[in-house]
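Once you scroll down, you'll see the structures, which are given as structure tokens.
Next, two complexes with chain A in common: one pairs it with chain B, the other with chain C.
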Partner chain A sequence: MPGSIFNFWNLRCSTFGNLAFAAFIIAVVSGIPLSIAYDVERASDSLQLILLTSQSAVFFRSLHYWSGQAFLLFTLIHVIEHLSKNSERGLKEGLWLRLVLALLFAFFVMVSGFILKADVEGRMARQILSGLLEIIPMVGTELRIAVLGNADSLKLIYIHHLITTTLFIGIVIIEHMRRAWPELLSYVYLLGVSAMLAVLIPQGLQLSGAAKIRGPWYFMGLQELLHWIPNPLVVMVLLTGGLLIFLLLRWMKGAGSGWTKKGLFVLLVVYGVLTINNWGFRDANWNSLFF
Partner chain B sequence: MNHTLKPVLLTRKSFLKITAILLSVYPLKLFYDVSRTRPGTGTQKQQVLTMDLPEGISFHTDIIAWREKDKTVFFAARCPHLGCQINRFENERLICPCHGSQFSMAGKVLEGPAVRDLTELSFAADAARRQYTVFLPN
Partner chain C sequence: MRPDNQALPKKWILPALVIGLAGLMLTIAHFYREEGPQPLQEKDIPVVMGHREGCFLCHQEMTGLSPSHDPLAIGCSSCHQGNPLSADKEMAHQGVVKVPGNMETVMATCGQSDCHRDLAVKVTGSLMATGQGMVSVNRYVFGETQSPDGPGHLSHLSSSAADTHLRQLCVTCHLGFPKTVSAAIDEKSRGGGCTACHIDYSAEARQQMADYHQSRELPRLHPALNIKVGNERCFGCHSRSARISLNYEGWHETLLKPKEAKQLEKFRILQDRRVLTFQGADVHHEKGMLCLDCHSARDAMGDGTGYNHQGEQVEIACIDCHRQDQGRFVTYGDLDADSIKILQLRNVENRKSTEYLASDRTGRPLINLTRGPDGAVRFQGKLDQQPRELKTPAAACTAIPEHDRLTCQTCHTRWAPTCIECHTQYLPDKQRKDHYTGEKVQGVWREYKEEFLALPPVMGVRMDKRLKREVVDTFIPGMILTIGGISDNRPDSNAPPEKDPDRYQVFRRMFAPTFSHTVQLESRSCQSCHQDPRVLGLGEGRIEYGTVTDRTGEIPIQFTPESRRHPADGLPRDAWTSFLETKTRDTATRTGSRPFNRVEQQQVLRVGQCLLCHPPDPGNSARIYTRFAQALEERPSQCLQTPKPTQ
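On to the complex of A and B.
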């Protein structure tokens, strides 16, 4: 049933893989003018300056933002499509490992962009990520330094955002799709929609203290988990366990694979419910209308 | 017709692999340098505040001050849960904006997810200059 829904879409529009690829390229290209104006040592000031003085900077930043969101969204749908068709079993083991790593990097490239805003939300996001990495036994501190660098500088995050993760994702996409460019139609769709959203909903900065830090939409469920589970290490164990189960799907067969996918889908739905609760039903004191 | 295949020295895939490995050298070198130049070790951070603090709770970037009559207490503004900066005071409660932990004016945990109280900070008072020097944790 889910497979037929994807087939229905694919016959009438670009595939989700092509759309994700097109969104990735638009995000990379729109990021180039921003990276020229962005000063990592005075991140907030340099961003405020270009956003206040240049309309084109506002447009490019919003285009970068919306195409980035589209990239993550279509990548996730593409993954669900693959899993619903069991096509992960046809992938070579090495490529599957790289794809799972690239998926992890996709989340990182998104959240690093969020941190690089260097506004109140960005600083808090960095602090949460830093706290989560730091809590990992034995390797936590080294991992935090490897991912986030020095506490007082955005330099390493900037390099990871611009080069390390982006390059890795790009290479893996090309290897996976076996082509250097997505379909032209995907560009047309993505550029049109992203540009329209950039004009209609331009992205600003949160400069004053927010009553409640929401975080990006894909981490709102995580924020809920961190609210409910007092020990962040437990949350990290749950996330790592989920990632490992996802990684092992490639080698699972028959009913075991089917039930595992159903289980992961249920977890995804639960995460979605937590996200909606965090997004729409929590007040500034974190009281929820539901639970 | 001659159908003999030319031997391929470098395929596109192997070229990409070699390029990726070569390009990973730079971030690794950078990481090595960054991790060896960690600032802030060995010197204790401190912040100077005026003695003319308002009654009750006031926020000073990394510090929360609580003044009541002749008593003044300073807390680290970092939430003991994941380190977010506490910046909200409502209904006699300090509230963390990240995950909703709540603390009393005395820094005690009232609601989780935080399980530890706010860190009370040591300070030195200079009556002549009418200022406090508050020592922050590294």
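On to the complex of A and C.
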């Protein structure tokens, strides 16, 4: 059944793989003019000046944002498509490992962009991520410094966002797709939709803590988990366990693989419900209308 | 399945082109639409409150605000929200709050964490914001609750008969009622949260705002935000209901129409067309004192405690100023942060070396009452900073032991607005605006008033929760009221009131404790209390004393009412209680308030009997009234004969 849905889509539109690739390219390209105006030493102020003084910079920033969201969304759908067709088994072991790592990097490149806004939300996201890394036994502090750098600087995060993760993801995509360029139509789709969203829903900054402080949509479920599970180490263990199970899918066979995938899908649905609760039903004081 | 590197069939290219084209057109439109102000450079956009304030691109010429609210210090968006990071007019004004003080947005504006959070929390829970007493008493009167004390919030009303009544007639008079238009405070102003009291339009600012409403030309002079809260800020709401703002200035509301006002000797017509006649102002008003000279910030904005009724929130008492003892004082260092801030804003001289009187009721500082050079309390006007003489209570105030239950206002109230009878009727066929939602609704509550009179208040007994004892206080008819058509406001009703009006009528005879704000220097005469049946709660009428036959027996007294009797309870229409009877249930709009009981009526009238022959001159006061019980025992035989009758 899921396979037929993907086939229906693929015969009428660009494939999710192509769309994700195109979104990645657009995000990279739109990030170039943005990086010229962005000053990591005075991140928030430089972004504020961009918003106030340059219409084109406002547009490119929003284009960068929306294409980035599309990249993550289509990547996730593309992963589900692969798993539904059991095509992960056909991948070489090394490539599978790199792809899983690239998926992790994809999340990081997204959240690092969120942190680089350096507004109230960005600072809060950095604090949470920093806390989660710190809590890892033995290597937590070193990992936190390696990923996020010094607490008073965004420089290392900026380098990872701009170079480390972007390069790695780009190389793995090309290796996986076996082409350096996605199909032209996927650009047309992605540019069209991203440009429309950039114009109609431009991205600002959250200046005040009075309004509801939200994480990025893909981490809203994580925020909920941290709310419901008081010990963040437990959350980290759950996430790491989930990632390991996902990694081992390549070597699983028969019913075990099927049930594991179904289990992961259920967890994904639960995560989605938590995300919806956070996104739509929590007020500024973190009270939920739901539960 | 189509692999990622296989081309899409040509027929599916068109949707992609349509979407791509739409994106392209929107992008072109985005770049060609009207640009924001030019030139846009870093130096044009100051940093305030830690961020760039783009509002200055258009509104940099705005003046008029005090240093603490200077746009260069806090920007525009701190109060007005919106998006200060956009140079696009439309986007910059998205989410703009026109009237920042409104309660619904106050925690994001005045009450945001860097500004007045504590005050905003107190105000949102205070009676001026919740109207809790108003809601709970109204529900009690309509028979929806068993007590006049209870939960209730004017911003959270239901669709019950009582709440619908409030929604249509009363709900605008509370801080939670939002102001939707920026305008100077006038006689018709209502609500608006913080701005209800703290917005101050100069004449020029008022003119510029008026011009803006006419021509949309942006004002350049912002109204000031300050704590110079003049009486006009209280007037809009407090000229209604108990009408204390009118009373204080000596004005009494009539039922006359504006064209009929000329028949009055001294009259005033309000913006809402009510006609007032002059009855004599409060002595404090005559001395130039303002509402806030007596009422502290805590009185007005609350102290964080949830009170049921207005009188409970007020901490000031007459004896704080008019005292016989020295009082208790606190130093500047002992003051709370709000009091210190107020003294700083008022730039009060020598404030750090001054001692401040602690309120007798709450022990909290009253910052315009200080210790004078002679050690006694000294008063200073809060706005004019002028000292005023404080009278100590006259000897008569404390000479009579039986008067120790009396509040000051019992004797010193000049008059109180008194409505004798009214009727509230639900008219299901009419339409009216529901102030709560702003929409027209089917079914109207209409009030029919009989008469407004300016009379000395009635006396009764009230439980003072702060003193934890009963006191004799002033009362007015909270309502001698019939309500018709209640059932027709309920969804299950289908019987029209005209077919069986009595079936649905509610009758209430409840008086309300009042401080009418018509204080006079002179006291009421002894006779005006001890010989006036109306003051005792019996209504207008004639009292006749019979022959006293022995020294211990009850006085035979007759009372003949003047008013017709109300068919609902058989009492005279202007009465509160029955002659020489004790009524305790459903007599007042406050728990613990009641009319005089049988014994108290007798005690009051017994003095009245003596006053027939022994006027309260100093000699008689010393011989009789300051030692009344003993004097009764020592009565000569001629006191045991029939006295002459009195009115």
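In this text, the second predicted complex is superposed on the first by the 288 of 291 C-alpha atoms of A that agree within 3 Å, B and C clash if a C-alpha of one lies under 4 Å from a C-alpha of the other, contacts with A are read in each partner's own complex, and residues count from 1 in each chain.
Basically, a contact is a pair of C-beta atoms (placed from the backbone, for glycine too) under 8 Å apart; a residue touches a chain by one contact, two chains touch by 3 or more.
Please read these numbers as outputs of a predicted model, since none were measured by experiment.
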Touching partner for A:Arg123 - first (chain B), second (chain C), both, neither: first
Partner chain in contact with A:Asn7 - chain B first, chain C second, else both or neither: second
Which superposed partner A:Leu167 touches (first chain B, second chain C, both, neither): first
Partner chain in contact with A:Phe59 - chain B first, chain C second, else both or neither: second
Contacts of A:Glu175 with chain B and chain C, given as first, second, both or neither: first
Touching partner for A:Gly149 - first (chain B), second (chain C), both, neither: first
Chain B and chain C footprints on chain A, overlapping residues: 209-211
Residues of chain A defined as touching chain B within the complex: 123-124, 127-128, 130-132, 142, 145-146, 149-152, 155-156, 159-160, 163-164, 167-168, 171, 174-175, 209-213, 223, 226-232, 282, 284-286
Residues of chain B that touch chain A when the two form their complex: 13, 16, 19-20, 23-24, 26-27, 30-31, 34-35, 37-40, 78, 81-85, 87-88, 90, 95, 97-100, 102, 112-115
Contacting residues of chain C [partner chain A, same complex]: 1-5, 7-9, 12-13, 15-17, 19-24, 26-27, 29-31, 35-36, 40-42, 45, 47, 50-52, 54, 57, 77, 83-88, 91, 107-108, 112-113
Parts of chain A lying in touch with chain C, wherever the complex brings them together: 3, 6-7, 10-15, 17-18, 44-45, 48-49, 51-56, 59, 85, 177-179, 182-183, 185, 188-189, 191-196, 198-200, 202, 204-205, 207-211
